[in-house]
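Shared chain: chain A. Partners: chain B in the first complex, chain C in the second.
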Partner chain A sequence: MKSLLIISQGTPYGRSSAAEALDTAMAAAALDVPVTLLFDGDGVLQLLPSQAGNELGVRNLSQLLEALPAFEVERCFVAAEALAQRSLAPDTLALPGPLLDAEAVTALLRSADVVLTY
Partner chain B sequence: MTALPPQDPEGFLLNRADWTREIAGALAAAEGRTLTEDHRAVISLVQDFYDRYGIAPNNRALVRAVKTALGPALGSSMALMKLFGGAPAKTVAKYAGLAKPPHCL
Partner chain C sequence: MRFALLVQADPAHSPSAISALRFAEAVAASEHTLAGVFFQGDGVQVAQRFRRPPRDESDLQARWAKVSEVCTLSLQLCVASALRRGLVDVPEAARAGFEAATLAPPFELAGLATFLAQMQTADRILTFGVAS
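Moving on to the complex of A and B:
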């Protein structure tokens, strides 16, 4: 089966793309597709703690991120460069997985059969 | 016969606050099922899952969660399909008073 890389690079609540990326990852895992999730660009803002998306009448991303292991989405990475560009310290975030430097991100992109960007 | 609160066309409750144990029994009875303690345990588990993650489990996640919390006898696709029919995640969500799961086809 082809491996799938999902890049989530949108702001948490500006559009529904952040939640859609997670939905897609969960659906792929349910179908046994080898799926990897990468948070890059503004997507790292999804990892800020204490979100209250419910008050906007949309799904709470913090909760959805916590649900990833329950849905067997286990390969998650965060682009270190995107954090640095936004002056975010990793220890202040709810990280779903390890940080990758730019070189490792490139390698991840090369290794995936299919890349979906949200 | 328990009077049922407002439902969507597929039988999901429009408002979770309307849910009670009796309503769950009535929703199941409408589909020809009688809820046992095993059914009740799975329904309660899915309600806890939803409260924690803000999303109901799909079939895969349901099997995994049931296996972890209630043991391997109930935590298999076969056992859950025996209890809830061909689409366990969807049916449990319905009896639990939750909205239809967004990833449910």
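Moving on to the complex of A and C:
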């Protein structure tokens, strides 16, 4: 079975790619495809707390993110550089997994059979 | 080599949509094969039956249909992405009580599982997305 790395790099509510990344990750996990999720670029904005997507009339991403372990998407990482570039302190975020430096991100990219970017 | 394509780009907004088609046409004309073409997100818009591209622009939908015919290949749309953009096939239109289907044949609705299966059988997976 080929392993899948999904990179979520879109803003949470700017377009639908953030939700599509999560949908794809959950579908992959449901089919026992080894899946890893990486939040990079503007994708880290999805991890800001106190989101109220429901008030915008769209799906609340925080709730989807919290549901990831229940859907057996257990390997989640966050690009540390993307946080630093946006002056975001890790302890203020709802982190779904460990931080990775640039070198570790490169290693992650190398280790995956398939990389999909959203 | 077997290629699987994931097309996320909206033909009206991104040149990636044309790149995806041109790549598929090049594969069709070569000794390589396509394991599948899957449209997700705004990429599904190419399958809208009532598209009327300007006369001086290429008709991407017709060209995709040609690739599908030449390669006897299904062109599949993520059903969730399609429905939220008003792309319904005949059964979905009937279910919703709409007077017509908006999905152009040979495009069809499929689940993400279809793409994930194509991914497993392909040697290379290419994403045609939108620059963020």
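Here is the rule we go by: the second predicted complex is superposed on the first by the 118 of 118 C-alpha atoms of A that agree within 3 Å, B and C clash if a C-alpha of one lies under 4 Å from a C-alpha of the other, contacts with A are read in each partner's own complex, and residues count from 1 in each chain.
Note that a contact is a pair of C-beta atoms (placed from the backbone, for glycine too) under 8 Å apart; a residue touches a chain by one contact, two chains touch by 3 or more.
This structure is a prediction, so every number in the text was calculated from the model and none was measured.
Undergrad: Consider chain A as the common anchor and indicate whether chain B and chain C clash or fit when overlaid.
TA: Here the two partners, once superposed via chain A, fit next to each other without clashing.
Undergrad: Once chain A of both complexes is superposed, is A:A79 in touch with chain B (first), chain C (second), both, or neither?
TA: neither
Undergrad: Name the contact category of A:L100: first (chain B only), second (chain C only), both, or neither.
TA: In the superposition, A:L100 touches no partner, neither chain B nor chain C.
Undergrad: According to the stated criteria, A:A18 is in contact with first (chain B), second (chain C), both, or neither; which is it?
TA: After superposition on chain A, A:A18 lies in contact with neither partner.
Undergrad: For chain A, which side has the bigger count of touched residues, chain B or chain C?
TA: C
Undergrad: Figure out whether A:Q9 sits in contact with chain B (first) or chain C (second), or with both, or with neither.
TA: Once the two structures are laid over each other on A, A:Q9 reaches chain C alone.
Undergrad: If we overlay the two complexes on their shared chain A, which of chain B and chain C does A:N54 touch? Say first, second, both or neither.
TA: First partner only, chain B.
Undergrad: Please work out whether A:F71 is in contact with chain B alone, chain C alone, both, or neither, and reply first, second, both or neither.
TA: After superposition on chain A, A:F71 lies in contact with chain B alone.
Undergrad: Please work out whether A:Q63 is in contact with chain B alone, chain C alone, both, or neither, and reply first, second, both or neither.
TA: first
Undergrad: May I ask you to decide whether A:A27 touches chain B, chain C, both, or neither, giving the answer as first, second, both or neither?
TA: A:A27: touches chain B and chain C.
Undergrad: Shortest C-alpha to C-alpha distance from chain B to chain C once the two structures are superposed, in angstrom?
TA: When the complexes share the chain A frame, the smallest chain B-chain C C-alpha distance is 5 Å.
Undergrad: Quick check on my understanding: which residues of chain A belong to both its chain B contact set and its chain C contact set?
TA: Shared contact residues on chain A: 23, 27.
Undergrad: Which positions of chain B touch chain A when the two form their complex?
TA: 49, 52-55, 57-61, 64-65, 102-103
Undergrad: Please output the residues of chain A touching chain C within their complex, sorted ascending.
TA: On the chain A side, the touching residues are 1-2, 4, 9-10, 15-17, 20, 23-24, 27-28, 31, 33, 41-42, 114-118.
Undergrad: Flag every residue of chain A that touches chain B in the complex, lowest number first.
TA: Against chain B, the touching part of chain A is residues 23, 26-27, 29-30, 54, 59-60, 63-64, 66-67, 70-72.
Undergrad: Where on chain C does chain A make contact in their complex?
TA: On the chain C side, the touching residues are 6, 8, 40-42, 78, 80-81, 84, 111-113, 116, 119-120, 125, 127, 129-130, 132.
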